[in-house]
Amino acid sequence: MTTDTNPIAMAAITSVGAAGMPRHHLAIFAALFVFLVAAPFLLYPIFVMKVLCFALFACAFNLLLGFGGLLSFGHAAYFGMASYVSAHAAKVWGLTPELAIIAGTLVAAVLGLAIGSLAIRRHGIYFAMVTLAFAQMIYFFSLQAAFTGGEDGIQAVPRGHLFGLIDLRSSEVLYFFVLAIFFAGILLIYRIIHSPFGQVLKAIRENEPRAISLGYRVNRYKLAVFVLSATLAGVAGATKAIVFQLASLTDVYWTMSGEVVLMTLLGGMGTVFGPIVGAAVIVTMQNYLATFGDWVTIGQGIIFVVAVLSFREGIVGVLAKWIRKPL
Amino acid sequence: MFELLGIPPQVLFGQLLLGLINGSFYAVLSLGLAVIFGLLNIINFTHGAQYMLGAFGAWMLLNYLGVGYWWAVFIVPPIVGVTGIVLERVLIRRLYHLDHLYGLLLTFGLALIIVGFFRQFFGVSGLPYPPPPLLNGGYNLGFMYLPNSRAWVIVASLIVCLATWFIIEKTRLGAYLRAATENPTMVGAFGINVPLLVTLTYGFGVALAGFAGVLAAPIYAVNPNMGADLIIVVFAVVVIGGMGSILGSILTGFGLGLIEGLTRVFYPEGSAVVIFVIMALVLLVKPAGLFGRSV
Amino acid sequence: TDVKIGVLNDRSGIYADIAGEGSVIAAQMAVEDFKATDKGINVSIVSADHQNKPDVGSNIARQWYDTENVDVIADVPTSSVALAVNEITKEKNKIFLASGPASSDLTGKACSPNTVHWTYDTWALANGTGSAMVAQGGDSWFFVTADYAFGHALERDTTAVVEASGGKVLGAVRHPFPGQDFSSFLLQAQGSGAKVVGLANAGGDTINAVKQASEFGITQGGQALAALLMFINDVHALGLEVAQGLVLTSAFYWDKNDQTREFSARFQERNAGQKPSMIEAGVYASVLHYLKAVEAVGDKDAAKVMAKMKEMPTEDPLFGKGTIRADGRKLHDMYLFRVKKPDQSKAPWDYFETVATIPADKAFRPLAEGGCSLVK
Amino acid sequence: MLRFPRIRALSKPISGPDMPEVELASRPAAGPSTRPLLRVDGLQGWYGESHVLHGVSFEVGEGEVVTLLGRNGAGKTTTLKAIMGILSRRSGSVTYEGRETIKLPSRLIAQMGIAYCPEERAIFSSLSVEENLMLPPQVRPGGLTVEQIFELFPNLKERLSSQGTKLSGGEQQMLAIGRILRTGAKLLLLDEPTEGLAPVIVQQIGRTIARLKDEGFTIVLVEQNFHFAALVADRHYVVEQGRVIDTIPNHELDANIDKLHAYLGV
Amino acid sequence: MSSGAILEAAGLTKEFGGFVAVNNVNLTVERGSVHALIGPNGAGKTTLFNLLTKFLQPTRGAIRYQGRDITKMQPADIARLGLVRSFQISAVFPHMTALENVRIALQRRRGDSFDFWRSEKVLSKFDGEGAALLADVGLTAFSDIRASDLSYGRKRALEIATTLALNPEMLLLDEPMAGMAQEDIERISALIRRISKNRTILMVEHNLSVVASLSNRITVLARGKVLAEGDYAAVSKDPRVIEAYIGAGHA
């Protein structure tokens, strides 16, 4: 009955290359970077930025689920709250975008600390439910509080000037700012996974009582990864508010928590690159199929059913199995 | 006028009674969910859609075949159960050996498909389902007017809940079911037909959802979206009761209905969130829910 | 000239039957009836689902304007989304033909030179139903309000009308949106002793609330029910048995005259047997008027077309003659209808009888009271 | 060298008023002395991709007790699972009472009269001790009564209403053995039934096995403790790397003790 | 060899619902000794272990370790004081290699396990020490094999190596020999004997030959209470112990 140990999260580390990461990881990061630098000239930049925000969100979530073994069903709270705070900071307080994002991120971190320290005392499905419960309270707060604008959300958020200097109104300029945040985020996550701390997390995920008996105060590690994950989810949410100039209830609703689970699983939980792929697939689907009405819902449903039945390690998970290397 | 906590007692009693009626729905739905989770380890996210199917089943019987409510009460749950059995045989079956996350995902996907189709073909404004003559009218209880249709909901769901509880906790069949949850291989090695057992259990849990749907049809509009948000609340009920605890989900279902009823009087906006507040409090104090077996 | 119209609305949620696929059909019919191609205007129509979420809606709107050369967005039911689209349309200098949204803020403090608010708004609803009910003796009210921007606005506007007409408001209760079970709110309304229970909600919420009110014998108990925003599709869903006697304010009814009947018959054929709602009618009329303006200007430049639209009086088979005010408010008559009893109804969709016609100059909020910055 | 007092003590043939049955066990036999009840021939087995059994062959006659001995990981447990039909990938031949069972699902195999007591005990935590005990349906008449089971394992009687997995490790083992004795299955597959049990209980189980044999049960026993095995078995099959590599009749055990030590790496 | 008590339990009691699993147990373990805890199944041995390492909270009683009251402490903190346990059911980190299993323990000693910003390459400095520990338990050839692929006996050996990596003052071993083949039993016995030189060991074990050969002192538990205590010779002759545990076969 426990989700604490998941069968497919097994990012075992093999052949470490020169730069401290396996060569094929290095290659993928490089290819991703090249592609993303070129992307705004090939694709609609705002769309790509949306993918990047959600990819970072999914990666942050995956840090907790795939590598911490903790299934949070309330990650919308950190994503959405950060987005509200950063929108409010930019619009009402007139902060520059980077400060607004930092403000949102800090709130997510504090929220993660508060909720996390209560939730980590529970296991498996009960952990998931405690996080859901708190997220629903955050949703309720967002619905009722004055500064969030209720159903309307915070609209017309100014993109502002980066460091007070660079005008972000042009989507191309904004794009590179977002790209920088994204890369900083996933590289940090990569490092966390492959750090001494990451090793302990893995041990805890695999056999918690044993880790305790070795003297690890496991709750502190769980809390630490929870807060890191919430914080990074906050970065993603805060950035999204600046990109779309809007913070709304969608981002704090439980379906958003569900969506990030879907992205992670579809891409491959416990893989480094899976959540990025998962986020890209889902955001693309929502974006380009919006004209088909209910058939989108049906199509999404079919995709999930097929994914669960035939490639449940997720897209990247399946690829990793083919090439027999962790991705 | 005499008042209780600033509310006239009539209103208070009325609200409590309404809470109990609501609680009946929670109880039947969460019972089905608990049966399926407890015995199959599947978090059945299709449950809301299957509840909706129950209501649509009743509606279709009436509109296409002219079959009335009282027949529907008996015919629809088995039909919905059979659709569940088909899903189980064809799809869900393949996931038992996996983490329950996958079951959740699959059933979530199925719910999207089912609800999507119904929205496509029946729209979302909802379809009317007239209550049968016997359920028209009601009793004036002094403090409130109790429609027969709602009184019937309480009675019917109590009967169904108790019968289910008895079968699972007190009979041999129930023992097989519980054992098969934990270690189907071993139970099979005792000579028991586990796959059949599992299929029937899923069918039964789903039939409970269908039953709740039939009960709901004359009360709420028959609407493809009627189960969508309910599922998460019902799931919370199951968790508060203690996952897999049959008695827990029944009692919690009724109990939370009452609490929600009270919230509607004192802080109506909060009635959507009160269940989650309670869930957080309960889980922080009792790690495995109110009636859960601690692991 | 090539013109691209984006119909943005709810295609899967609780408003999809009121303003979903039907609005797209209405827009297509407008293009066909206008015979655009013959007049050298190439019109293409795209559509999308905003799911009643401001983020989804603004995302689509932005993408349409940025990458798909959409010139005009039509419909957008749900006020919160409409406000977002309103902003983006202004920023990108395009045109927004708002038929679906209710909030009177669109021509008030959020008014924009690029927006026309076509069909109805919360002020008009409050004014129509509110004053009619008070006039019939319903001078004490209790509101059951959807707990979000639109519900609050409708409650606010109706309260003002009720109080101005000499009635009083005894209380209000806000229900989560969307809601399923309204019994406890209705019980509170019953307990309040108010003569009128005002439902400040819409779509599925209103349907459920009306249905349950009948179950709990609210109207039999002597209280009147005022569904402040009700569409013919909602009545269809409820059935006359339950809906009979309700009073509602609307801008359109299919059975008003030959022209509306003719249009509605054609529409019904293409829209799975459903008669048009007033929003769908508004989409038809607003697109038609827009195309006329484009033809007249000979160009699709937003500022010029908008100026033309406001300058030219409107005329179409569904709303008759009308005008567009400086703040973007389209003016036409509004109607107060009563839902027929089952035995009065002679044919399918024969649901309304007219109680009163509210002339265009009385139906909407006076220009000066909106606080629109375009009005000097 | 370590001293193993228990082993010395146990390897003497034990007789005495309290354990008369044990002597019955030492009946000499080279192959099945009766008609073979179970016959395993060329049994292959896999866990996913890994091939674990490479052609296990042996026979058990009706009323016999045989053991499978071998080092950790030799494939003893896997053999039992394959016979029981719960190893998902298997091939070769297993016949019971002359009927081929290799393709049957485990429930039909169980219904033919084979019962399995797994190494990891598989006690159900959502069932009480009593429910655990009563769980396996009777497949044939002639099993032990509940009273007889309590006589063997008095601990169980005291804890009947506890949750099954709240029992101590040894008590769970007793429960796992006890529950299959009720079913009337004629062929019992016992996987290390003495693991983790106190010596008193081990002796009790020794007596039980002897008694079951007396009553006509047929038993395949997997054991690490061959001194225990020596007390109860007719014959020993040595398993190594997924094959039976040797057969030692119990009466030749003393003569082969060095060979056996070599097999088991003692 | 002995220099006073390292671990003392006084009046330790654990009730589950109404059932008393451990009943007013007084236990003193001398520093440097190998102390065995035996008793029939269900006597409360594992429960007592759980109490001593605080995986369970005692209903009553006090525990002192190295003169310090640890009754109120958390399990992880107890391990940090050098009192480390193993589990009755084998406890390894299944998806990690044998070497990584040991490194986890070594890493804890180093104390910078929260460093999420550093590369795990810093952990390779433990490889030598880890390999030595694996060699001690005869797992050198398996150091790159995932723990889940090891046989049962080897998992137990790995678990002991991991425990030793903490360099604990005192070890609590719960049935270290259970389910092991003879060859492993001998190897692990030898290992325990070797490591007991400068440590204290408290172990639960049903294999009497192991108990007899390794332990200096034995406490016999039955029905939650201490039935007898002494060295092997004395305990194994105690008629109550024979009746409750050893059985007639051992006479």
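By written order: A, B, C, D and E. Residues from 1 in each chain.
Basically, a contact is a pair of C-beta atoms (placed from the backbone, for glycine too) under 8 Å apart; a residue touches a chain by one contact, two chains touch by 3 or more.
Molecules present, by chain and UniProt name: A, B = Branched-chain amino acid transport system permease protein; D, E = Branched-chain amino acid transport system ATP-binding protein.
On a predicted model such as this, the values are computed, not experimentally measured, just so you know.
> Name, by label, each chain that touches both members of the pair chain C and chain D.
B
> Tell me which chain's centre, taken as the mean of its C-alpha atoms, is farthest from chain C.
D
> By the contact definition above, name the pair with the higher C-beta contact count: D-E or A-C.
More contacting C-beta pairs are found at D-E.
> Using Cα averages as centroids, what's the distance between chain B and chain E in whole Å?
Centre-to-centre distance between chain B and chain E: 48 Å.
> Return the distance between the CA-based centres of chain B and chain C, expressed in whole Å.
Roughly 36 Å, centre to centre.
> What whole-number Å value describes the gap between the mean CA coordinates of chain A and chain B?
33
> Suppose each chain is reduced to the average of its Cα coordinates; what separation in Å results between chain A and chain E?
42
> What are the residue numbers in chain E that touch two or more other chains?
none
> By residue number and range, which residues of chain C touch two or more other chains?
12, 16, 147
> Considering chain D alone, which of its residues make contact with at least two other chains?
Answer for chain D, listing residues that touch two or more other chains: there are none.
> Could you please write down every pair of chains that are in touch?
Every pair of chains meeting the touch criterion: A-B, A-C, A-E, B-C, B-D, D-E.
> Would you tell me which residues of chain A are touching chain B in their complex?
By the definition above, chain A touches chain B via 1-3, 6-7, 71, 118, 121-126, 129-130, 132-134, 136-137, 139-140, 144, 254, 258, 261-262, 265, 293-295, 297-298, 300-305, 307-309, 312.
> Of all residues in chain C, which touch chain A in the complex?
Interface residues on the chain C side: 11-12, 16, 20-21, 46-49, 53-56, 58-60, 62-63, 66-67, 79-80, 83-84, 87, 147-150, 177.
> In the complex formed with chain A, which residues of chain B make contact?
41, 43, 91, 94-95, 98-102, 105-106, 108-117, 119-120, 232, 236, 239, 243-244, 269-270, 272-273, 276-277, 279-280, 283-284, 287-289, 295
> Report the residues of chain D in contact with chain E in the complex, numbered from low to high.
2-7, 9-10, 14, 16, 18-19, 71-73, 119, 155, 159, 162, 166-171, 173-174, 192, 195-204, 224, 264-266
> Quick check: in the complex, which residue numbers of chain D touch chain B?
Touch list, chain D to chain B: 84-86, 105-111, 115-116, 118, 122, 124-127, 131-132, 134-137, 139, 163, 183.
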